[in-house]
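Mind having a look at this structure? Questions to follow.
To keep things simple, chains are lettered A, B, C and D as they appear, and every chain counts its residues starting from 1.
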């Protein structure tokens, strides 16, 4: 069930340029069901920023009621967040959304593709897949060397290809270049990252089982306000739309128009 | 809870707090957080004859102390609201105020006629003031004669009392209030959002796909309070006040201004527990201020003895 | 500083940043903090024929992200402004925009005629929109024909270009803009404050002695941006935009919306150094966004090619 | 000259119920000229609260660039302030206003009368008068025992009479009751406190040299916005008004209408 409560900051550190790893502790962790779910964080003390900020869950430690989020400082809200220190509290609403399905036969191969700040939610996903004896292949794209993070952690879980737009770390190019070159054999694809990347993946693998995690500007995060709508691809669909916050943020490719 | 009960045309409210239309869907999401029966009433999302998809995204943008929305009246349409949403809501002991919208007078009449038959709909709220739809909406809300006409027509067919929701985007809101009172409105709800715009720093273009959106949240509260103050001294029908309420103090300020009850909008989107919280806090606040009954202080800001409408 | 210079009727601005009227007095207090010559211009406090004492106190109240003021046009009167304030200001290398107000058209004409003779007054700003005075004020600002008439009459006697300051408390601000353009205005300044009200929790009565006050500050920015966006597409005279500006980003947002220059009001009351700060930051912001000249992005929010007024 | 800058919190503690003593360090202290001046503090991080809060200067330690303020938590701003801790910074504008005149012949007698949260600025005043060998008599009024503060400090400087509205500490009654009873002989009177108290004092001593410190809702605090105006008593006065923030907050009795 969704909860709302204060979570204590266990630690916060800058792990790459403008990329922060925030470790939080609180009861809400027990409610997390799947990787790819997100939380909605209150940033700032008063009415400015007014709205919560959606941040994906990157790693869960159920036993200690601890979860990790990784975020990039973009504007006011995330900048405020980055200044909070160990021992302080953050008001968190969550877990929200449905996340990635992890049910899969052991021995199968999963291809995980992340772009930039879309990488974090794939980490818990990869861990859970590995626990189910699924082979994972990671392809992670970043803008440039200073923005690269979490690569060692991914490498520990499976083969990991890194690309940067400018070639300053790993191969030069986009994640799709790796796919072209390697021509992986896989049973399921999971991806999170910028919309152009997700579109390219959807087009490239029309026959595959592909799960994409989407972003949209939100207000409530719980499905009440209709802010975060995407139209369905299927014109005959009964509702004709999906809410990213509560029906998503993960959708099977083809369900909504990107 | 007796210092809290308010009776208004069609509505026996346990307390004067209700969620505002469009910020609470049809209640399903909030029922996961608390028992909806504790609410004074529920204003459901605007319903139109046909289902509407609404505007393209982005549909929301943040502003200093407020937010812009341009949802565009997305809703599942009259049929589904009648068959699924209202029956679902009937499990709760709470009166429903059905917010209705349309592009033509006929639209309003059709929805009003049918939705007012639903057993748990105790009142209608005519949304003649939505700034986010291309046709109708805004003209209904800014031209007194048009507002009067649509009110009259809806009154003719509605089986429950009719409240009209006023737009703040006008030079003199008292003229609009008087017009809908003349049209037979049983009450007024106010205010809807103010039209606003935000531009993206990098592109220079509007953040919302719809370009402009409706401004809501704490930022607009002093404007809403001023308008409730003006209108409550102008008409003889009760007002449900709204605009930026996020605490018991805010709620009481609207009552002082001349509202008989209040609605909470945007704050629900930030704290799903805000309505129960305000209900609890308000009771304590009245205690602290030695107010015996909430209605005793309705219009306190302008009342010397008793003049104008005596809030119930 | 060349990416910054803006030329408008009567005004050669070193940069597009100036303090807004009423939030900077006649500059004396701020001269203790920095050299006023760095400003693009200075909009001085409203001047009336006779000295005015203004409203009783309290005159200010805080609101979420904003403030209400009901100063009531307190000023030392035309004579003293001509003999003391303007000569004192002439020590700085900065054009003065004289904000003028009155209760009758004749008042405006008298002040305009005389004050436009002052050597450092490069433009007039007709405050036809002050919500805090009992006579005239607000009617001038909400009825197009009245606004047009006062503009015309002032144009007839003024020796310098005339800007008219629009009130946001109207249904359609484009009609007001068109009216003053028709009346011969050389430019528009917008927006003045929105009428608001705050009540005291304990007494239930208005906090301001004047009851209502003018809402300013960050809270109103999205409304101001929307209005500048609308008006800049309607008229062919330039706009000086204002309403809630407290950063270089805010200033640029107004330029994107269609303003040629901007004024900073309330923010001066919180940080006396805000104008110099915005000037410095804006230069860096333009650099970062690769904007060669501020005027290149005037109206970027709505311009495809070039249409409507081409901001200078 | 007025300054604006960050001042470091040296300490903050609750010295009576809802009354906080805040010790600040910063360059601005060197600019303070007279007791009774005040500072304008930025409370909150962003736009809410929007305006600064005026707080009187209670004690100055020029050498260490330290000043003390004492304030009562009233609303949002002062509550926020009370949560700030040692080592944190507050943005302060000041010193503002003109304060109390301290020029006086040695050996003379000054009567200092404070009500509630009007007491703090009298403390530095009393110290400075004592340094000039002026005899000080203090009459301090509080609502109730739990709201009493700074009494020992005042006692160290001179005779100190304490009254509370409910008699729970010192004598029961108002400061004016003490004056009636004691019938002090004094050369000058200084007072700070609620307006009804100031009015009573003004009426009681029409022949004396009386200085009153006033309060009014402010925005700029520097004389620019005309928020904090009081009309002069003298109808023939050239301006007809005074600004509390920049002409005051201390006025000689009879200068402005209370």
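In this section, contacts are C-beta pairs under 8 Å (C-beta built on N, C-alpha and C of every residue); 3 or more make two chains touch, one makes a residue touch a chain.
Since the structure is predicted, the reported quantities are computational estimates derived from the model, not experimental observations.
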> Which of the two pairs, A-B or A-C, is linked by more C-beta contacts?
Replying inline: A-B
>> Suppose each chain is reduced to the average of its Cα coordinates; what separation in Å results between subunit A and subunit B?
In response: 36
> Could you state the distance in Å from the CA-based centre of subunit A to that of subunit C?
Replying inline: 46
> Which integer distance in Å separates the CA centroid of subunit A from that of subunit D?
Replying inline: 55
> So, what's the distance in Å between the C-alpha centres of subunit C and subunit B?
Replying inline: 34
> Of all residues in subunit D, which are in touch with two or more distinct other chains?
Replying inline: 47-48
> Hey, what residues on subunit B touch two or more of the other chains?
Replying inline: 63-66, 218-219
>> Graph shape for the chains shown, where an edge means the two chains touch. Line, ring, star, complete, or other?
In response: complete
>> For the complex, give me every residue of subunit A touching subunit B.
In response: 1-2, 4, 42, 47-52, 93, 216-220, 222-231, 239-241, 246
>> Quick check on the complex: what are the subunit C residues that touch subunit B?
In response: 63-66, 68, 142, 169-171, 194-199, 201-202, 204-206, 212, 215, 218-223, 225-226, 229, 244, 249, 252-253, 256-257, 289, 297, 300-301
>> Which residues of subunit D touch subunit B once you look at their complex with the stated criterion?
In response: 47-48
>> Considering only the defined contacts, which subunit D positions touch subunit A in the complex?
In response: 44-48, 80
> Which positions of subunit C touch subunit A when the two form their complex?
Replying inline: 64-65, 218
